[in-house]
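In the two complexes below, subunit A is the common chain; its partner is subunit B in one and subunit C in the other.
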Partner chain A sequence: MLRTTRLWTTRMPTVSKLFLRNSSGNALNKNKLPFLYSSQGPQAVRYTSQHEWIAVHQDKTAFVGITKYATDALGDATYVELPEVGTEIAQGESLGSIESVKSASEIYQPADGTVEEINTNLEENPGVVNEDPMGDGWLVKMKLGEGVNVEQVEGLMSLEQYEKTLVHDD
Partner chain B sequence: MSMMLSNWALSPRYVGQRNLIHCTTLFHTLTRWAKDADDKYHDINSMYENMFTPSNDNVSILQDEGKSDYDTTKTSSMQEDISAFNKDLYNFYNIGYAKQIMSASQLENIVKAKGRFVIQSLSTSPYYNLALENYVFKNTPRAKRGPDNCRLLFYINDRCAVIGKNQNLWQEVDLAKLKSKNFELLRRFSGGGTVLHDLGNVNYSYLTSREKFETKFFNKMIIKWLNSLNPELRLDLNERGDIIQDGFKISGSAYKIAGGKAYHHATMLLNADLEQFSGLLEPSLPNNMEWESSGVHSVKSKIKNVGIITPNQFIAVVSERFQKTFKVDGEIPIYYCDEFKSINDEIKDAMNTLQSEQWKYFSGPKFSVKIKDKGLTIKVEKGMIYDCDRNDLIGLEFKGFLENIDSYT
Partner chain C sequence: MSIIKKIVFKRFNSTLKKTALHDLHVSLGGTMVPYAGYSMPVLYKGQTHIESHNWTRTNAGLFDVSHMLQSKLSGPHSVKFLQRVTPTDFNALPVGSGTLSVLLNPQGGVVDDTIITKENDDNEFYIVTNAGCAERDTEFFHDELQNGSTLDCQWKIIEGRSLLALQGPKAKDVLEPLLSKTAPGKDLKELFFGQRHEFALKDGSLVQIARGGYTGEDGFEISIANEKAVEFAEQLLANPVMKPIGLAARDSLRLEAGMCLYGHELDESITPVEAALNWVISKSRRDLVDQKYWFNGYAKIMDQLNNKTYSKVRVGFKYLKKGPAARNGVKIFLPDAETEVGLVTSGSASPTLNNINIGQAYVQKGYHKKGTKLLVQVRNKFYPIELAKMPLVPTHYYKQ
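Now for the complex of A and B:
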């Protein structure tokens, strides 16, 4: 009988936070679907204060995930709870949650949109969220709501702005 | 004199308080009836009794005030009146100050304002207590600057098994056994594994900001505080962040992060009826079922009671140390809640969710189970069978199927 919490030993080696920031671990992985979805790449990548990222392509398709900074803080993911396909979710509403050895952490919708696809790979392999949070560890693919322009959505930040908030976190 | 006393009692200054006496007495009668709390709060009650019970001095003050129409022939009835009055006064002080239960609006005000405080729930309803915790957590303002709004809650639940948000309940508990021993089943809003509660277990919940949150922080404080109180307790932290005593687990923790805030809540086994716990945290038909699921599996641990300290002492000590350690400016107040007075629509909604079949039985992770003696493999998502070797089972509720498993073969 299975009785042990599954662990994926994929935790980052201890790296100083300063190095992490400078190395921009929170930038989108250019070799994975959230970036490669359209040939020209995403038009915009934005970040929330709750450590979600959103990558928006020209056809208004967007990918959402959580940042490297967040997954490092959460520790090894043991379960990823995602919304049902077809659900319309408003900005700030819960998009799901990630349970790690340390906590169940809520994920919030960065901008209004409808869920088109969820990353089903995470059902069996939640550790991918830790391994590649800015690429293969994407959570939800969605269609942005009519007239939503992430560059004008209040509360969304550029990578640079986001990483500045991390300095203030300490 | 009796006239004077009743006038005095009906004067505008006291009339409100007398109503309060009756209200709170009524609430207390109800709660006591419901949970047999008399003994439970005896320590704290007697502490305030010593502090506030009017002494003979109070009686003499009353007699002085009553001198103008003092009548020796009525002494005995007057003394009866005085003692009745003193009893009221005592009840007022005892309940009014020591355990003034917050109204819905008082609760809302303190939760939504910034600041640190302690809440002790006097309810033993697990649904109310988890909903209250959820309400305080959701409505605590994020502190962007300055000290964060640390909050500490205590609650004691009647018998129940509480599973983590992302657990497969069928794999964690035996519903039939729970029912036969009068344990409620709840799915909580936080992650982690399954725990059992009864009146000998105190739950504490420490709320802080996401930035300040660190899983082991509060348990380290508790260990320090309790060991300094009594070194014989020998409490320690294990690598998972749970509190242990002599290698046995006495406390289990779960954590939630949302909305820029986080909480760590945990159980503390003080004098729980552990005999009643045995066999409850096993799936039904363990030898016949083979489970496979994503989601979170409980880690089985040997448990014991702390002994030495009672639930009331634990709450009193941890509250007092919290008040000292976390004080920033001004005292950290202690508030009391119960499900009759300190309730609002948001708390009721969360209670409804926690009580709903939908949340208990039709959420949680996907799983599959192999029933060996029937040669069946059943796949379940959100409580419904979606795949099986036998077509006629597809679309059935797994709960109903398991309850009547023999009729399906």
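Now for the complex of A and C:
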């Protein structure tokens, strides 16, 4: 009974945070797969200083994408290059690249994991990355490595922490 | 993902020069970046690169090109001087007409590409050269003029004037109503591609308008006094078919149109023949027996032209399937993916061609024919390309 009560109170602050930041362009789109993958929603959503996001679910399935801030800076995406399914990628390694007319930008892996699925829709429609970077524009779905806890991985930030870095950048 | 920190630009901005339109760009939401020593707009708020590009191809766009060097060559020996430093015949050029040409160093290499317009008989020429080459061009003109100590002519930079490029199929419709009809028959309909004439605005101010541009579309390059530039730009932008357009779109537009970017397709080691610019070598100047009339690098250039002794030549290309763009510096291989035969000089997605990748490159002679299938190597993978005749997108010049 006490345990049940405790779980309830623990979850509340997380929900509040997401709710308070819902208007932020860099928050996960709650109507799309990276959020809706499991019925209880992601266990944790984290951001990197290189403007990637990672949404982790209870079964250690994670979705990775780039933030709204990143896609605005990039301009119209014209090509997305992603790894092969089955590829093991360590934190900080290249996950692929995104091209606009003017530039090519490398995407870095936020935490150790193995690629289970890539967003094949981006091959024909790279512009989805600009239209919905925090939802339909997800890049890869992966299984996190054994023992990886994104809440403890160095260099990963909460939405609030991430957005503070953006304000500083400007 | 790597994104350049904005703080870097802020530091640059404090030492950069500003065009007369700088504050207007900022007020229009221009993202300002350092370019050729100036603070220039690369994009405007509310427009993506692709939207800017497509708008120019279908409506009308306003580009600030005031950073480019406007200069004047005058004196009785002006033609003689130009005959030495360029391969073009300026004797044959009608008054009021301009032509694209190249400045040549003594080895026949391209110092800069330029548009030169004859203004008065054979004694006065208006010259526009690239912003990025301003320092070198100034040195070049001074050196060449001193080199021919018998030449009676002077070159000087034109100060205090802005240059606005109005480009796109609707450009003429925007500009016409702003001009005063000072003389019968002197209107935009009679200003053809390559020509440049003086016009008056409604308030009596004089502007020089050249028909042409760097996009492949019909359009104008308008030289106007700095004091009048903002007011005039605002008048142009008041037309709903107008948008301000930044440097990013300018580059993708010129790439599709097959135009050179100095520092990419051209440098001082490349001749006009290698650059596939044979047409700047006037036919009347291809058989000059007397060395006295030779232009710089004549022997080498004519050998390349007549005997095909060049080893590489500029080509255009298109991707045959999706992939990352091949940009400046990417290597080109034969289909064996082992034999290197060229180097990309510019490349990006082409908004007009539904974002297929296109580019320009230098390819070894023998592999340079259009239709040739080769490979580019981007991040250790190979992608098939086909060489294509330039322009890669049809042009729409208003020709006589």
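Just so we're on the same page, the second predicted complex is superposed on the first by the 147 of 170 C-alpha atoms of A that agree within 3 Å, B and C clash if a C-alpha of one lies under 4 Å from a C-alpha of the other, contacts with A are read in each partner's own complex, and residues count from 1 in each chain.
We take it that a contact is a pair of C-beta atoms (placed from the backbone, for glycine too) under 8 Å apart; a residue touches a chain by one contact, two chains touch by 3 or more.
Nothing here was measured: the structure is a model prediction, and the numbers come from that model.
In the superposed pair of complexes, A:S49 makes contact with subunit B only, with no contact to subunit C. Once the two complexes are overlaid on the shared chain, A:I66 sits against subunit C while remaining clear of subunit B. Within the superposed three-chain model, A:D76 lies in touch with subunit C and out of touch with subunit B [touch as defined at top]. Of the two partner chains, subunit B and subunit C are each touched by A:E123.
In the superposed model, A:K102 lies in contact with both subunit B and subunit C. Once the two complexes are laid over each other on the shared chain, residue contacts for A:E163 go to neither subunit B nor subunit C.
Judged by the touch definition given at the top, the superposed model places A:D112 against neither subunit B nor subunit C. In the superposition on chain A, contact of A:D136 is made with neither subunit B nor subunit C. Shared contact residues of subunit A with subunit B and subunit C: 50, 74, 78-79, 81, 97, 99-102, 104-106, 123, 169. Residue ranges on subunit A touching subunit C, taken from their complex, read 50-52, 66, 70, 73-76, 78-79, 81, 97-102, 104-108, 123, 130, 169-170. Interface residues of subunit A, counted against subunit B in their complex, comprise 1-6, 49-50, 74, 78-79, 81, 94, 97, 99-106, 123-124, 126, 169. Contact residues on subunit B toward subunit A in their complex (touch as defined above): 164-166, 189-193, 211, 213, 215, 240, 254-260, 262, 283, 286, 290-300, 365-366.
Note for the complex: subunit C touches subunit A at residues 1-3, 5-7, 43, 48-51, 53, 248, 251-252, 322-325, 327, 348-349, 351, 355, 357, 379.
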